[in-house]
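Two complexes follow with chain A in common, the first pairing it with chain B and the second with chain C.
Let's look at the complex of A and B:
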């Protein structure tokens, strides 16, 4: 997280700077704490850049997916009837398609140029990646929001609020959202981990961020030189693993807190 | 008014042709066993039953307004300041994640358009009105920090916040123990007199009704089976069901060791009603006619209403 926020302020050369005198240097060498890869890219700066990219993509996708997913899920559960039927079916269809395949399809359709010779700009790749991952996340978080809303909207205090003359929107805002939010936040942290892995997988498959701009990209680049300089592969993998484990852990702790609180009320 | 629910087993007639009048400033008790339609009737009257499976027919007239003909929006205008409801279980009727102050002041802000600080100040007064000690601290508490009795007082404060003309109290004391029950009922009685409210007091406890209401409606299987001024009902009941209900209450003047009489059997299946009187299979006075013909409401010259072919006190 620290690296993600302050990475660009650290006094390093840009991650694409090539150290031609130090190709494939092992970690802990002078000047290159994590070593360089066979093309002379410094791995520390690459990892920092990768962290920024991966976490930016993950948080944006989870944020957007969470916002849209929970809005749809809460609406479905609150209105019930036909709206619920349509949205739930859509969620289930979305869940039935394997995440990676869906994202892969979306990315490859949206982020390719008709003219093969023209390079797809990186911002477009990132945007498309975020959009695809968001689309993948909407049904996951939407269903959780729907489920949580269902358990709360049937409660007496919703009827009580109605008997006080509250409008549906006010009831959703003041009575449903505060109750549903903790569950969503806990799941959102788990989703961040899932998205980081999904993004890495896509990059590894060559449709994500190209040329080592993210962890997945670094892994993709490093796997070719596994025999000669394995650290090029290991370093982004370690960072990725640590981050995913941390987000999962945070998610678990939040969920534990939540369950404890829920048993109290 | 009637209420039907569509269920997989067919149409469930939860409330069937209930026709009662709640005189202004009076308190009407609604008694009946669990599942007799008391709660559904109150909620239907306020229009709080929602969903595609609910069919409400008939009319609800409140203060000259025909509620069933009004839009949801118009009815909502009456909530709080016109009608309000106290719910059965104060634990589930309060939102667990919001502070008491926010929940009490909500109605004030929505209905009366008070500012946040005014509404909070008024909320504190309301909590004091329902005799909550240390009201300022309670405003900042969450529901789980309060006892059942306190929570029910909070519910009452919420319900009376906008000075409703008609208060539905749906088993306000069921979830509470006996000593707290008495306090809450006392409180409701005083508030009703001070604020000149009409009240519908729903309960399954005839004892509660006896001391707190002016009129009583006895409900059985979704129908009103007896309706009379409270004193008259207890002095001269006509409906065998009411008698059976009263007999099932333990009495001090019974010899100790007397077996408590129970009403054998259960309510009729509301999706498949019997042709005759719903109470006939459980009634000790039942005759052949009771199982074949559904009794209509009869009215005594003094206004006492009942639904029975062979009412108590009439020569058989």
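Let's look at the complex of A and C:
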């Protein structure tokens, strides 16, 4: 209990700290506070740019995935019948391939260039990453939304609302979404952490953001000269870990509160 | 038995899912905006390229291509890897790579469970006390550091600073058992940290719940030793949850193994996928992803059936869903 409260306070500091940096506000005086790497890049500015990129990708992908996934999941569970069968099968198909394998396959296929020597522009890589990670997330979040909707739509108040002549869309908006949403938000925070790591893994494998554009890219670059300047590697890892710890903690706390509410019901 | 029909239905469902998955992957290969024949034969003329397309069914449209690929796949022909000098079969590569990945995952699971079980039992026994807090907090931090980061840090410290362990490659059993394990220690360590955290937390929560049960009070009042109660009365029922979760974490482990294998150059299935993408071997990519999906789906089925046998309660619960 003490840890839950204390832990939720701590990472909040990290979050805002990271966020301010991402906006480009550097409260320190000029110089290389975090040092430079062997190419002479300042690590502080790199890590700031990397933070912006990684967090942007993670939040966009989770946002899109959550939106589409929950819409599909709620629809499936609410309409049932054939629609549910089709959507559930689609979710299962998506889940049959381990997440990272699916993301890897999608990214590598979508980012293929006609001419191998031509450099893929960065915006296209970002778009491809976001799309791929979104596709990976849809079945995961969709299934959770479907499960949650199924339990809620069986409750008495939904039957009551229907007998009162409420239309389906109204029931979904008024009764289902408010109940399903908290669970999804908690999961979404956990998903942000997962996506950040996934993006870093993809960049490390050379199909994500190249040349230190994101945390994963920085780690990939730091890998090349880890014997002589290991700090190039440590710094993005530390930033990444702190962010993931924060999102996980927030997700856990939210989930914990939710469970508390559920058990009282 | 009436359960038999239920399982038959599940297996049929899985086959449909598998067919759709492999079809989806083959569609993915088809939407590559690049002509595969041009990638494979950059200097060939148009007739040679057309012959190549016909040979792997690229001229047939998505469904025809898929059926040809599926026919070959079922017969064990997973396509070829194309080099400028000639070709190699994908199946040959996978036969070499598969045991390495499986061993890596098996070691990881064994190690993770081996560490997590005592830690989980200890922190459940001392719940809320200092030992529990130290374990829980340390593990929470570790669970947020991705495996590849741990792997790279291990390379820096153990591999280059002290040079205790080789940082790259793989050794077979015939090259010496010690040599084999030396190459495996770091990959296994980097994969297992996250799992250890996950398992310990799960076991702790589950055991704390079990400790509140009446039969534990009963056992205590009988004067049984703490050790006996913990292991026999509390750990045993919780272990089912633990092993199911271990099985379910396999998907994440497969994904993590790709990164770890490419960092440590273990030449497992993950490394082959990495190589397939780097070398633009899309047919190989398709077959590798299909193999992984096949393995993963069947593994989950086995786990489902297994946990149904071990704990009849899950059997009823699952059939209701």
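The criterion applied here is as follows: the second predicted complex is superposed on the first by the 235 of 265 C-alpha atoms of A that agree within 3 Å, B and C clash if a C-alpha of one lies under 4 Å from a C-alpha of the other, contacts with A are read in each partner's own complex, and residues count from 1 in each chain.
Following the convention adopted for this analysis, contacts are C-beta pairs under 8 Å (C-beta built on N, C-alpha and C of every residue); 3 or more make two chains touch, one makes a residue touch a chain.
Computed from a prediction, not measured in an experiment: that's the story for all the values here.
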Which superposed partner A:57 touches (first chain B, second chain C, both, neither): neither
Which superposed partner A:175 touches (first chain B, second chain C, both, neither): first
Chain A residues touched by each partner, larger count belonging to chain B or chain C: C
First, second, both or neither for A:248, with chain B first and chain C second: second
First, second, both or neither for A:80, with chain B first and chain C second: first
First (chain B), second (chain C), both or neither touched by A:162: first
Contacting residues of chain B [partner chain A, same complex]: 43, 46, 48, 50-52, 76-80, 83-85, 87-89, 92-98, 102, 106-107, 110-111, 143-144, 155, 158
Chain A - residues contacting chain B, complex: 80-81, 155-157, 159-167, 170, 174-175, 178-179, 264-265
Chain A-touching residues of chain C, taken from the complex the two chains share: 13, 16-18, 20-21, 24-25, 28-29, 31-34, 39, 133, 136-137, 140-141, 143-146, 148-149, 152-153, 155-156, 160, 250-252, 254-256, 258-259, 262-263, 273-274, 277-278, 280, 282, 285, 289, 292-293, 296-297
Sites on chain A touched by chain C in the complex: 3, 89, 92-93, 96-102, 104-106, 108-109, 112-114, 116, 193, 197, 200-201, 204-207, 219, 222-223, 226-227, 230, 233-234, 237, 240-241, 244-245, 248-249
